Amino acid sequence: MKKFVNDPAKFVPEFMKGIVLANPGLLEFNEEFQMIKRKDAPNNARVSIVQGSGSGHEPAHVMAVGPGMLDGSCQGAVFAAPPVDACYETIKALASDAGVLVLVNNYQGDRMAWDMATEMAQAEGINVKQFHINDDVAVEDSLYTVGRRGVAGNFFVIKACGAAAAAGKSLDEVYAVAEKVNNSVRTMGVALTSCIPPAKGTTIFQIGDDEMEVGVGIHGEPGRRRDTIKPADVIVDELFDAVAQDIPFVSGDRVALMINGLGGTPISELYVLYARAHERAEQAGFTVVRNYVGEYCTSLEMAGASLTLLKLDGELETLLDAPAEVAVRIF
Amino acid sequence: MKKFVNDPAKFVPEFMKGIVLANPGLLEFNEEFQMIKRKDAPNNARVSIVQGSGSGHEPAHVMAVGPGMLDGSCQGAVFAAPPVDACYETIKALASDAGVLVLVNNYQGDRMAWDMATEMAQAEGINVKQFHINDDVAVEDSLYTVGRRGVAGNFFVIKACGAAAAAGKSLDEVYAVAEKVNNSVRTMGVALTSCIPPAKGTTIFQIGDDEMEVGVGIHGEPGRRRDTIKPADVIVDELFDAVAQDIPFVSGDRVALMINGLGGTPISELYVLYARAHERAEQAGFTVVRNYVGEYCTSLEMAGASLTLLKLDGELETLLDAPAEVAVRIF
Amino acid sequence: MTEISQATVEQAVKTTCATVLRNEFYFSDLDGLAGDGDFGTSLATGYRIIDAEFDSLDKSNIGAFLLKISMLVSKHVGGSSGPIWGTGFMRAAMLSKGKESLTLADLTDMLGSAIEGIQARGGAKLGDKTLLDALIPVHEKMKEHVAAGTADLGVVLKDAADEAEKAIDATRTLVAHRGRASQVGERSSGTPDPGIVSIAIILQDWCKQFGVDRTPSVAEVINQPA
Amino acid sequence: MTEISQATVEQAVKTTCATVLRNEFYFSDLDGLAGDGDFGTSLATGYRIIDAEFDSLDKSNIGAFLLKISMLVSKHVGGSSGPIWGTGFMRAAMLSKGKESLTLADLTDMLGSAIEGIQARGGAKLGDKTLLDALIPVHEKMKEHVAAGTADLGVVLKDAADEAEKAIDATRTLVAHRGRASQVGERSSGTPDPGIVSIAIILQDWCKQFGVDRTPSVAEVINQPA
């Protein structure tokens, strides 16, 4: 297995320990529930923002804890929603007089765990609300399913809600921000290779040397279709069209544009994709107000990328612009 | 080829275009010489810091251009030093009354190209000096070779020199900073997989499914030896010992500790490595004053990592702490 | 009337531990076909602890024992399986509170309540291609035996294993409507649901454990690791 | 005395373009053994442009032509090969300034000066396992023919190709002391130097181009792509 790992069963607590050792002033670690929180949270003067999901998507979700972002987060095993108890303890640890907003990525496992945890916390009088993020356009939404998946758009929901909470907004107001961002953000991804969950030790799906999976999920779930690999620009065009036509985005829109690496793709390739995406946005009459190129929501070492567009307005631009700090940094 | 690429021959200019489109306020692009520079450089009041090397190591080197870092950088093709003319034009474009410092990674190709370019620039009266970075401890230094390679330690030389130049230090003073950092920084890396240069289309070396290359170079050059993959902690121990014993680092040292991903390794694994490296540093009596976990000097999509230690003093701590800005960012 | 002793309940759980641990990678591989490949690991994480702590678990009565199982699942099992299996055990525990043996009718009611709890938790119905598509027919068959007054519990167990196994093929070509597999649309058709397979394999292993002669006939059950 | 015409010099460069472009991946693969696998691409980037612009290059005389080649190499060839080949062509250009034909002695002096320039640029000496280990013996052999007054340039070319080819095996087990391969220590022993191989293949192709019958005997030359 081509991975840096000791005991696969300890992979998640071990990397979490590394994150906290690297950020001793900022973060603290509860190993029993695989939870990382800001040392200075909860703060009763502001809403706590909480998330927790499967591991393997780093820097989402535990590395998004910090001022102006999440107050705390628990991680399940790789690709598995955290156990109910961990979710419950996370809500409890971040309980604030101003309330707790749980940003749940829209997967069955996450939803059920946070539902149960929320019920348990509410029974104890904690003021907690949940919001479901579902920005992936790869598979059509339908009444008969759990609905669309939450993927890289997650970053924007966290960033905006974190800024709103830091600005002292109420739980209902922060919830409204989550709703606005989620209604305005769309993503689609493509994979060139499969990832290898450490506990599994082998790839999660098989893919030919000349194939790509269009619309892949961040857990390696199948997307729209399997196809032969195309030139980078052709791939961007398909992602861009799928995403831009979804709300739809229209000429004159001010947007944030993200190229998110899925883990194994070098940043040079992400900029090849960005160049085309930026060009397409300009041709479509969008103004790219902010851009994001890097890794925000990954799938272990999967080679691949996703493209996200977020429609902006004055409020969202201010929220994205607000200062924030996370465990990931350059300097 | 599992890559996002259009025409492999245009890979480098295309990703450079992406970088500049994503940083329109900060950077400008000279496509003919594959050079990126700060829009507001040169500034005759301060020394210009310049670098240029092969591509494939992103964010090194062109993504390290920005305030407090490099003033400009030209890129060769993947893994090939830039042509002499590009180096010459880069020095000319950043020529400042205060002088130009070229930070050259110690490879034969880079050295020769910058030697020729420096001679040409000096013949035109430009005040330019070169410094060679050689922090890789993998292969013993010797009088009979080009000497040790420059790898991730490069980041610290740029950061410190960039800060010194921003503080208005003279060319000789900035050169002395480069010397001090280079004398105080050591690195060793390990690869689990080979990378695929786009123009080659195939892996640069063969490595078994259960093998690792200890001491690998950032161009896939062989290192100390081939071995079977070991648990993450055992790998860190070997890197740590090789690096720490080299200057040597001694108990009581204040250090910066970097775990640098080589491109294809997920950040979660880098933090598994960091946890152990931090522990080892503490056991050795070092104080980890600053830490760096992420991608600083990569080898395309190679799965692997390197460990860097930098011995600090008051001057270096101040220089590392100074504000800086590059094309890579989170928010 | 034939009773199911507390010892039998404990033995069934113990056997399930062995089944889940032996099938850890197999279940994950099946989940990888249309899901995310963690089903086996998630279940095994919980059952490994149940197995290790088995001797010291509260065994004052069946309900207390199953409540403890439910709590261990809630604490250690992630993914969808945590809430689903945790809810199932919780419901079964409620109806067996204080009991030291069960009638077939008791057991049937416990399963019925578990099914209701799982439906309430995850919103799935029959035909959504989840483990409910195995549990519901098993429950129906058990109700028939309760009505008929079947005395031989081996016959009931064999029928239950048959129903669960049939569900694998009956749902194979369906498109999943719940769980992660539902988010891949048409792409889930043609792959077996790992939750259904796990129920069929657990029941098959119970047959073996309790001396009920039964030969599996569906590939996924036949091919489980020995 | 036998003269080498400007047309022959131009043809040799043109032939070299074909050689380098055909061997682009082969040269890179050889470089990947102990180096970084870019040698073929680096050379090809320059020679592709020389080839494309060939018809419009300054051909007023041999020196002007070679100076232009040197400039194109400096502008387009990266890696170590840019400075090395650029310096070589620059030196050859200096000694042929204004000439429209060359004697064998002229050509020998040009190569000698190129070797000096490359040594000054990169600090390599004979035995450091670089292309100098091919060029220096070729130059020695040419000096012998100049001294002996050899009239048949085909014989000289054949001998030169022999010397270059011999250098491949003669240096194979050496540890590189210059260039990127020197930074891998003992690990460079046992791999051929791609720069030496390229010189041997170029000379072999010149033999073919100029009608000199010669059969290569070293694997790396025999195995070059057709």
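Every chain is named by a letter (A, B, C and D) in the order it is written, and numbering of its residues begins at 1.
Rule of thumb we're sticking to: a residue touches a chain if its C-beta (ideal position, glycine included) is under 8 Å from a C-beta of that chain, and two chains touch if they have at least 3 such contacts.
Everything quoted here is computed from the prediction, not taken from an experiment.
Note on connectivity: the fewest steps through touching chains from chain B to chain C is 2.
Distance between Cα centroids is largest for the pairing of chain B with C. Work out the mean CA point of chain B and of chain D, and you get 32 Å between them.
Each chain gets one centre point, the mean of its Cα atoms, and the points for chain A and chain D are 55 Å apart. If each chain is reduced to the centroid of its CA atoms, chain A and chain B end up 30 Å from each other. In terms of their C-alpha centroids, the spacing between chain C and chain D amounts to 74 Å.
Taken chain by chain, the contacts run in an open path, each chain touching the next and the two ends left apart. Chain A makes touch with chain C in their complex at residues 9, 54, 76-86, 107-109, 112-113, 115-116, 136, 139-140, 144-149, 197, 199-200, 204-205, 217, 219-223. Per the touch definition, chain C reaches chain A in the complex via residues 25, 28-29, 32, 34-38, 41-42, 45, 74-84, 86-87, 121-122, 176-185, 187. Across the complex, chain A is touched by residues 1-7, 11, 14-19, 21-22, 55-56, 58-59, 63, 159, 192-193, 209, 229, 231-233, 235, 263-275, 278-279, 291, 293-295, 298, 300-301, 303, 305, 320, 324, 326, 328-331 of chain B.
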